[in-house]
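Here chain A shows up in two complexes: once beside chain B, once beside chain C.
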Partner chain A sequence: MVTETKEPPLQHTCPHGKKPGRRWNNIIFQAVAITALVATVSVLILLLVDISIDGIPRLNWTFLSHYPSRKPEMAGILSALVGSGCLVFLTGLIAFPIGVGAAIYLEEYAGNNWFSKIIEVNIANLAGVPSIIYGLLGLEVFVRIMHMDRSLLAGACTLALLVLPMIIIASREAMRTVPVSIREASFAVGATRWETIRYHVLPLAFPGILTGTILALSRAIGEAAPLIPIGALTYVAFLPDSPLAPFTALPIQIFNWISRPQKGFADNAAAGSIVLLVVLLLMNAGAIWLRNRYQKKLH
Partner chain B sequence: MKRFILLHVCFLAAAFCISAPVKPASAELEGLIKVDGSSTVYPITEAVAEEFQIPHPKVKITVGISGTGGGFKKFGRGEVDISDASRPIKPKEAELCKENKIEYIELPVAFDGLAVMVNPKNTWCDSLTVEELKKIWEPEAEGKIMKWSQIRPEWPDKEIRLFGPGVDSGTFDYFTEAICGKSGASRGDFTPSEDDNVLVQGIATDEGALGYFGVAYYDANQDKLKLLGIDDGNPSNGNGPIKPTLETVLNDTYKPLARPIFIYANKEAAAKRPEVAEFIRYYMINSAPLVKEVGYIPLPERAYFLAYDRFKRGITGSVFGGEDSKGKTVEQLLSKEEH
Partner chain C sequence: MITDRHQKEIPHSVVHSIKQRRGGSHIKEIAIHAALFACGILSIFTTLGILGILVYETVQFFQEISFLQFFGDTRWTPLFVSKHFGIWPLLCGTLLVTAIAMAVALPIGLLCAVYLSEYARPNVRKVVKPLLEILAGIPTVVYGYFALLFVTPLLQNIIPGMAGFNALSPGIVMGIMILPIVSSLSEDAMYAVPQSLREGAYALGSTKLQVSFLTVVPAAFSGITASFILGVSRAIGETMIVAIAAGLQPRLTANPIEPIETMTAYIVQVSLGDTPHGTIEYKTIFAVGMVLFVSTFVLNIISQWMRGKFREVYT
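For the complex of A and B:
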């Protein structure tokens, strides 16, 4: 796509006439941009090819339906896959209402004062905090003080903290795209602020909020660092039966396999990475699908 | 929108409703056994847990990897029932257990040989003495011992590049104690990694490399590495340089780099919960073939018997950690109380 960019006929419109270097500058810049693109995409392709060669032979029903094992060819990712699924589901349940609520307050209720400014700056900062820090916070607050133990719930609460800033920022962006005129029209016919938000702002902003939330959750599913201090386990040969059950997750299982000496486990790690990639892809596709669906309904 | 919120509330309610566990009528064992600790011991515990769950499907076992130190921290707080350890408990960790009134039973489960390796292209070096290893790795060597010729004058004037496990691992603690005399005493200018596969790659691609890690990783990468013999200068336990093999570790001649590795069991948990006691019994009786399968060296049969006997009699404390444990075999240490 980039290679076909046509050069605009600048020479004719330019009042100062031709400058000999400009055409070359244009070509050079285009070359630099293409190189940047090729470098990025080729790294991605290299990674994909590499894990595909190792991992695809291992991808079969046994791999998806078995628990971890000392024998690489018998080992599977069932507990990790289900663990990751439950984790992301719970994270969404916790983070979505809190995140959207906070965004509504900041966007619709909070005045433009020093207090809301401090909150805004802090949320922006939180989005940049390394994820391991959330893990340490979660260990102390959820695992130890709130006695959730090393459970799915503790993991989900920690990941919820991690994705909250992203959900808040995405939700605010979405609400900001709702024209002021709609709010004013609503107020003009006597609606309260809550009615305006409930019947006008939220429905219009909803596709954007949903997309932002799913993208934030798809970041959460790939995270290993915050789960390690929380106590995500490596060997779990059962499925969680409650939010307080111990758990493992895909990145943790992959990380464990990659550090084992036998080649068979390295292949399992590659196959596990493919499964994680497919899950991520499905989530992102889901986000796009939901957005399109709701947008059609509303217009 | 409305439906979505309703759905959300339903899910929330469903997710937080924890169904009460239903007790079966039979006396089948059930419960949750939590194990955490060393990544070195992990493959053994994983194998035993996997086998144990076949006759006891209702017992849930979780095994985590937090390193030996991390495992003892959780064990000392009573957060786990069993701690995997690649070295004996340290006084500080024993102190934590005491503070929280946790009594522990120390059970050796296997031997791990630490292999010292060079690149296969290294033609000059086939063995090292303990003295030479100390000269290379001691803290004073930092920035000074940089070439192979400094170790033996006849060796080439090539740069020596060192690879070893990260400072948080029990393997690092053990190696530094065995070679430099003090746990943690090591030069700092080597390439450390918690992931032994990174060390394998490092040694396999660098002609001047020297490194150490568990022998299981050497076994899986024999074509990429060259194993060195180690000479401890003591002819009474084998003359000359000795390489780590099943025989040399078992007959106690691969010295000083063969070490026992352990599990530590919470005495109270084992006494009160039959599933924990049964798991440990199963571990002691069945681990020998599993230990071999995952790349470690099983203890002599009698050692497992003695260890299980200590467990049955509830003998707490550590016999492997003290100063007077040096130079004694596992069996001698385990039967200490019997004298």
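For the complex of A and C:
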């Protein structure tokens, strides 16, 4: 009799008798989490819609083919667009060989010793240094000590240092996917270490390296902070004719327009942002296309 | 990692015997080795360069301005006639914006991470993850535009008396920018938690929610903390959003609706003007840069260390 009276309360705490609250908690959590996700993604959509509404009316051939101007409706992004193009080209020219070289060294030559560990930790740290600090480095080293002045080359060198860690990390990952057996086969037929790398490892890793480089350069093209201490100009009414010419870049031009009080310039900034986003989109799409096209060949 | 390296190591004797056979290519091999080594070591020189210039200019700065003034004064007015060099307003502005950003990024990022790691179907993950990554890829000037010309006017409708430049709006927008970093790193950490732990918890009668928050989140805690610290470091170093929308007015306040200035924004402000080399204004940006570099450096090291610790536990 005593046990019988005790049984009903036991049933309540027993894990098999499901408490309705447990199920509901689960559903409530999912609802909250999905709301958070949807809210985040809708901020992205909101941002794009806001910029499109402000900027699309200004997007026309005049905007793309004119130099900056005091009148917002006459101003264009020609010098900024060409400046950004030159900047990214030069940055790639500097950063790509050095980055791939460093990656080859770390993957194929360096042993598993303290020195390569230091380089590795150091690269990871450099990837986390705020980009404006690179601007200070560029200002002191490239602009002042190396006397490049406020030139395209100084900007490209600075951006190259900024993206190097990203290129190195991506290239190393690409080289790691090349099977060891391929290296061994190459050595077995008498190739030297460099011949093995040059004719076997690099060609197989190349799509991955290229994808990583494009993604790194797409970050460089959106950066304004490291270029400001370097002294990228905000009013450039000519196209750069040499790597030592003064320059402006798209993000710098956008920043300059945002800082002005007139509504017309804000619309120009929105239109410039659309152009910048389209350029980024194209670069990222190119990188993804490359990856998908060549990814499966290895296996 | 270690086994991977051992497999790749090609016996030096093999390479050596080949080198001996062909004298000409031996020199070429050495030259290539040296060139590649130079590429590898450039990263060390970059770090040394950053440290070198910051230390050099900061030492010069402190020859004119005392430590006591730098850390004791509560006003930062190097660009005015009556100059004060107290770092606190800039530090305070940076911390305020960072706190707001993390108040947005941490809870939402964590919710997204738990959902994507534990609940979402693979095809949902496949769609949502790249969408979140886009947020991290948008140039910061564009975020600045959004903060100043969309979020601020929106908030001004809700909060009366809010200034056109303030800490709140760039803080929120920065939080959205950092969110993908927090969520993707936390999710990786949760994803790496062994399935056996989840199964053990289910076997004891836990619901999915209990498994997620009482088993997976604590197990992935050091990974989640690492992502959070990395997010803080990003927020401290973020430049353009605050330079555009926060106001460039160094002010010792915790009020998020007033204009403030962060360390990064100060460097931008001085760089935009024509400040000749060697003046005290020029040196201030390096002194501020030093504080910025040291704080992000320490946070990055802690974050890496915690991630390493997490990896040690589960691999």
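By our rule, the second predicted complex is superposed on the first by the 251 of 299 C-alpha atoms of A that agree within 3 Å, B and C clash if a C-alpha of one lies under 4 Å from a C-alpha of the other, contacts with A are read in each partner's own complex, and residues count from 1 in each chain.
We take it that a residue touches a chain if its C-beta (ideal position, glycine included) is under 8 Å from a C-beta of that chain, and two chains touch if they have at least 3 such contacts.
Please read these numbers as outputs of a predicted model, since none were measured by experiment.
On the superposed chain A, the two partners chain B and chain C do not both fit; they clash.
In the superposition on chain A, A:258 makes contact with both chain B and chain C.
After overlaying the two complexes on the shared chain, residue contacts for A:83 are found with neither chain B nor chain C. Of the two partner chains, chain B is the only one touched by A:68; chain C is not. Contacts of A:203 after superposition: chain B is touched, whereas chain C is not reached.
Shared-chain residue A:183: touches chain C; no touch with chain B.
When chain A is checked against chain B and against chain C, the one touching more of its residues turns out to be C. Legend: residue contacts after superposition of the two complexes on their common chain; A:231 is shown touching both chain B and chain C. In the superposition on chain A, no contact is made by A:240 with either chain B or chain C. In the superposition on chain A, A:96 makes contact with chain B only, while chain C stays out of contact range. Superposed model on chain A: among 19-27, 109-117, 271-279 or 289-297, the stretch of chain C in collision with chain B is 271-279, the rest showing no clash. Residues 97, 231, 258-259, 266 of chain A touch chain B in one complex and chain C in the other.
Residue ranges on chain C touching chain A, taken from their complex, read 2, 4-5, 7-10, 14-15, 18-19, 22, 25, 28-29, 32-33, 35-44, 46-47, 49-50, 53-54, 57, 107-108, 111-112, 114-115, 119, 128, 131-132, 134-135, 137-146, 148-150, 176, 179, 205, 207-209, 212, 230, 233, 236-240, 243-244, 264, 267-268, 271-272, 277, 285-286, 289, 292-293, 296-297, 300-301, 303-304. Those residues of chain A that touch chain C in the shared complex are 15, 22-23, 25-26, 29-30, 32-34, 36-37, 39-41, 43-44, 46-47, 50-51, 54, 97-102, 104-107, 109-112, 116, 118-119, 121-126, 128-137, 139-141, 144, 161, 164-165, 168, 176, 180, 183-184, 187, 190-194, 218-219, 222-225, 228-229, 231, 251, 254-255, 258-259, 266, 269-270, 273, 276-277, 280, 284.
Against chain B, the residues of chain A that register as touching in their complex are 67-70, 89-90, 93, 96-97, 150, 202-203, 206, 231-238, 241-244, 246, 256, 258-263, 266.
Residues 1, 8, 11-12, 15-16, 18-19, 32, 34, 36, 39, 42-43, 45-47, 49-50, 53, 60-66, 74, 79, 194-197, 200, 216-217, 219-221, 290, 293-295 of chain B are the ones touching chain A in the complex.
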